[in-house]
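Chains: A, B, C and D, in written order; residue numbering restarts at 1 for each.
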Amino acid sequence: MVDLSVRIGDLTLQNPVTPASGAFSWEYNDVIDLNRLGGLVAKTICREPRLGNPTPRMAETEAGIIQSIGLPGKGIQYFLDHIVPEYAKFKPPLIVSASSEDIDEFALLASELDVPDVDVLEANISCPTRNTTGGNFAMHEEHTRKVVAALRAATKKPLWVKLSPNAGDIVSVALAAEEGGADCLVIANTFLSLKIRTDNFRPALGNKFGGLVSPALKPIVLRMVYQVAKQVKIPIIGIGGVTKAEDVVEYMLAGASAVGIGYAGFRNPTALVSIIDDLERWCDERGIEKVSDLIGAVRDDDMEMDTLAAASIGV
Amino acid sequence: MVDLSVRIGDLTLQNPVTPASGAFSWEYNDVIDLNRLGGLVAKTICREPRLGNPTPRMAETEAGIIQSIGLPGKGIQYFLDHIVPEYAKFKPPLIVSASSEDIDEFALLASELDVPDVDVLEANISCPTRNTTGGNFAMHEEHTRKVVAALRAATKKPLWVKLSPNAGDIVSVALAAEEGGADCLVIANTFLSLKIRTDNFRPALGNKFGGLVSPALKPIVLRMVYQVAKQVKIPIIGIGGVTKAEDVVEYMLAGASAVGIGYAGFRNPTALVSIIDDLERWCDERGIEKVSDLIGAVRDDDMEMDTLAAASIGV
Amino acid sequence: MWPEPCQKYSNSALRIDDQDTYPQRLVGEFVGLVVSNDWANAEYKHMVVRVHPKALEAYAGQMFHLLCPSPDGAEVWMRRPMSVYRVDRDAGCVEFLYKTEGRGTRGMAMLKAGDEFNIAGPLGKGFSLKPEWKNIVVLGRGVGLATLAPLAQLARNSGVRVTAILSARSPEVLMSKDYFESLGASVVTVFDSDGSSAVENVETILEGLIADSAADAFFTCGSARLLKLTQRLGKARGVPGQVAMEQIMVCGFGACYVCVRTFEVGGVKVLKRVCRDGPVFNMQEAVGW
Amino acid sequence: MWPEPCQKYSNSALRIDDQDTYPQRLVGEFVGLVVSNDWANAEYKHMVVRVHPKALEAYAGQMFHLLCPSPDGAEVWMRRPMSVYRVDRDAGCVEFLYKTEGRGTRGMAMLKAGDEFNIAGPLGKGFSLKPEWKNIVVLGRGVGLATLAPLAQLARNSGVRVTAILSARSPEVLMSKDYFESLGASVVTVFDSDGSSAVENVETILEGLIADSAADAFFTCGSARLLKLTQRLGKARGVPGQVAMEQIMVCGFGACYVCVRTFEVGGVKVLKRVCRDGPVFNMQEAVGW
């Protein structure tokens, strides 16, 4: 039977399937056995209590949804007192996503989260719906380097950094995060988007802009994972449009060590567990002994192609 | 009956529905009456003959396709001698898309295209599949300003500039194009993407990377059109995921003066004409007298929202 | 070369006779079989779905989250929440009463007997009856009736008397009167068509019930006007109450915070999740519909 | 507030009895009605679709571009090209013979009599018979038979004699033999199962036909081996020929340049579009399959 475990730095995940931050909570234990997951990823928390964005917070689009939640939460103290203990009841490592618009506050939050039951700090520097212009650290390599370095200094936990697909040059931002001291890159957050209702001419979301979430986006994010994996040395977690075991394989071939899943768990609450089951079967049917052998195993060095056309582009 | 005409600078289009470059040719007259269209948009031409990219050039994805054609063509002379006359048989203005990686060559091409039967030069500075890294002028505001200025100097035709959705800061690039002398912005080209086959671990396209085309992407491009329309004075043509009349309305509400359509014409060869018919009906049913009244008419200044949540984000 | 995958979505939902490999679960993703799906009137359909026994644990006020088939060839990307209208334990079925609105419910309306239907639930916190409540008043309109119907059943099982005030545009589109009566409720119908559904008239009816000690608690769903009325009257006369609220939902598990509504608790405004903190809330805390 | 749109795709395709508002059109987008869709063998189905009269102008070697319904609830995003297997002018039908492969053809296989089916065409350049060809040899395998069948009909109508060499894995999966015979072709069958489909054997058969002056031209589709053989033999013996090629297609109109294949014309390698320059090409110009 295949060994599904993967290593992210010093941490071992029992399998490469994790939920995506904001699309998951311990409450999913009502429907799936959380102990089956590769990791538990808490919704992004902010230091101060926040109510989040105005409703409606979701609207369906051509092929997916746009959403704008605005990181609601009851603040760090409530999180440590009430939410961390909920997650601590389960075996998989707890990855805590955190966010702030202010570097000093962010570092303070990171140090406050440096507690035993938290296994990983995931820095969400890429939430497109935090403020109405959608700006965030991960849009710029300099901002990324700075905030990651500050977080690195503030915590001894493994530091994962979640990047934005809205950045024009994802490779430079990724390299900046690596230089800043990230242990792992999470690629990517949602795509800044807008829907206008043609019945009343108004934006469909209370917050106007929202993040697009759709299986349709997987080829874009996969391209980013592939490009970044060729340049950085740290592991990557691919997030975007995973709905089946083959999507996990595709991200791993592109260079990801694990994946995160949001949308598929909304569509099928049992999706994460069945994707793990399917991935095991997929590997077993093909005699793959370690799923980690798939990481970066894309065959891009010996492309078969129509020779004439190839010649025309000088390949 | 509604007046469907729109003005793009000094040019009047009889309606706001045009095909997207590369997804159209005069050969579509076999199935629809080209004289119905707002404009005729030729496939991007390059100065020298090119064979284009290796096959396969298209692969289906979760919700759409990725494609990588590589701008094949027989060069400028053949284009002027054989293709322009084909388009000249029809009434709507001819928009010629052109591309080059070299600014001087691009300017030369622009001047060569300054002939009577060509009505508009559309500068494709955003083809993601022209070379394997996907780089193009429209990724950077400086490059954009330079190339647009050179083209501006080379032609007296209206100059439309097609931008890239892969740029991180579309507004800056748009402003640079406007400063460079663009008469209209075409937003946007395709999203750089990758698909890896899980049966043989190889990229699905001969060129590895391809441009993602999908109705799913409309909310991203719509957001870009909206953001850019708030900042520039020149008109915008929205391209991405238009499949029905309401999508034309949505782009116009966001600030576009017209739209371009690719995918929908592949799915339904008669789509462009039926979208024009539907748009006319849509306006008539609502007593809209001029479709141009819809341009930028989004009601974003008096958002109705849950007051408490609104307060929490300081709106 | 290995075969290309065929399945777009991985799925291990429980079918009717499946062994549950995770019996601790409170909520299931079920593949049920449609037994019937008939029109209740011109706008509403009534669907009966046979499901895995676990799904029958649903109680009054809870909902299922439905994966609706496509009405038009294009995928329906999000589930749609729907209250449990009735649980028929003997037949192994859950039932829904729903209005055909947009793409999701139009797709649902196309399902025929024998078709599979993927439903997740039961979700949320339903109605609760305090032991001291012997006579309750249920006020519903439109979709709200679907949500309130199982409350009448719950009341009957608990020996609580129910007065049901059913509001509708006109007698033709009134629904569920027979069903409420079969559950032993005294039904009062009010209509827009004859003016009897006007707030002042309903208020008079409620005042009468309070005077007769037949209103230990108010329960409402489906009408902002009825909510405001019962809130005001309840506050004035000390009648407690519960309201079932709606909001656009994504996850259904309390994770995503899409489905929030504003409430006022002890003078402080807070947001609560319809899917997990509700859909049934303390009527006096609700701020607007 | 205005009603939200319901239709995901705008569509003005021609239905069977529609008046064509653009009668100059050579190619139509048609909504046909499936008459039958039966299995021809374990892998292939044969579909008959009743369509607008305009669609009946399709000739041998041309194709339609099919908007396949979903086999799994998720949309099929691109059309699929399929050769015209037969045009039945009397019944007003076009017919397809197709292999169920991936999502598109699996969706197509689910269509039942009476269902609507959106097909665009006829597209492409088909087979052409030169007046001096009195005896032609048609070599097909698998899907290729679908493309070649109308050629046999065309030949009969033009008084040209046809020898059809039909290749298959085994006699059980052989298709269209009866159809070719009914069109007056002399049929030779060759199989992998008994070794008769080996290139050497087919070459011997072809040499015999050339010797008998029964091979004025070769026509092939569906097999790279048969293409290579007929190219080589045709070149050596001066027998001209045509081949129908496949390639992944997007637009079908010659606009997108997705469907290109490599050809050698006068010593120069060029790319041609299967959808518009083909799908039928001069056999000697084809470079590989």
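What we mean here is this: a residue touches a chain if its C-beta (ideal position, glycine included) is under 8 Å from a C-beta of that chain, and two chains touch if they have at least 3 such contacts.
In this text the structure is predicted, and so the values were computed from the model without any measurement.
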Request  = State the pair of chains with the top count of C-beta pairs in contact.
outcome  = A-B
Request  = Compare the CA centroid of chain B with every other chain's and tell me the farthest one.
outcome  = C
Note = Per the C-alpha means, the centres of chain B and chain D lie apart by a whole-Å value of 35
Key: For chain B paired with chain C, centre-to-centre distance based on mean C-alpha positions, whole Å   = 46
Inquiry  = Can you work out the whole-Å distance between the CA centroids of chain A and chain B?
reply    = 31
Query = What parts of chain B, by residue number, touch at least two of the other chains?
reply = 51-52, 55, 61-64, 72, 198, 200, 214, 243, 246, 306, 308-309
Remark   = Residues in chain D with touches to at least two other chains are numbered 2, 4-5, 7-9, 74-75, 260-261, 271
Query = In the complex of these two chains, what residues of chain C are touching chain A?
reply = 2, 5, 7-13, 22, 24-29, 65, 67, 74-75, 77-79, 118, 120, 247-248, 250-261, 271, 276
Query = Along chain B, where are the residues that touch chain D in the complex?
reply = 22-25, 27-28, 30-33, 43, 51-52, 55-65, 67, 69, 72, 214, 243-246, 264-271, 273-275, 277-278, 285-286
Key: Residues on chain A engaged by chain B in the complex (per definition of touch)   = 50-55, 61-64, 66, 70, 72, 131-132, 139, 166-169, 191-196, 198, 200-203, 206-210, 212, 214-220, 222-223, 226, 241, 243, 246, 249-250, 253-254, 297-300, 303-306, 308-313, 315
Inquiry  = Touching residues of chain C toward chain D in the complex: what are they?
reply    = 4, 6-9, 69-70, 72-75, 102-103, 106
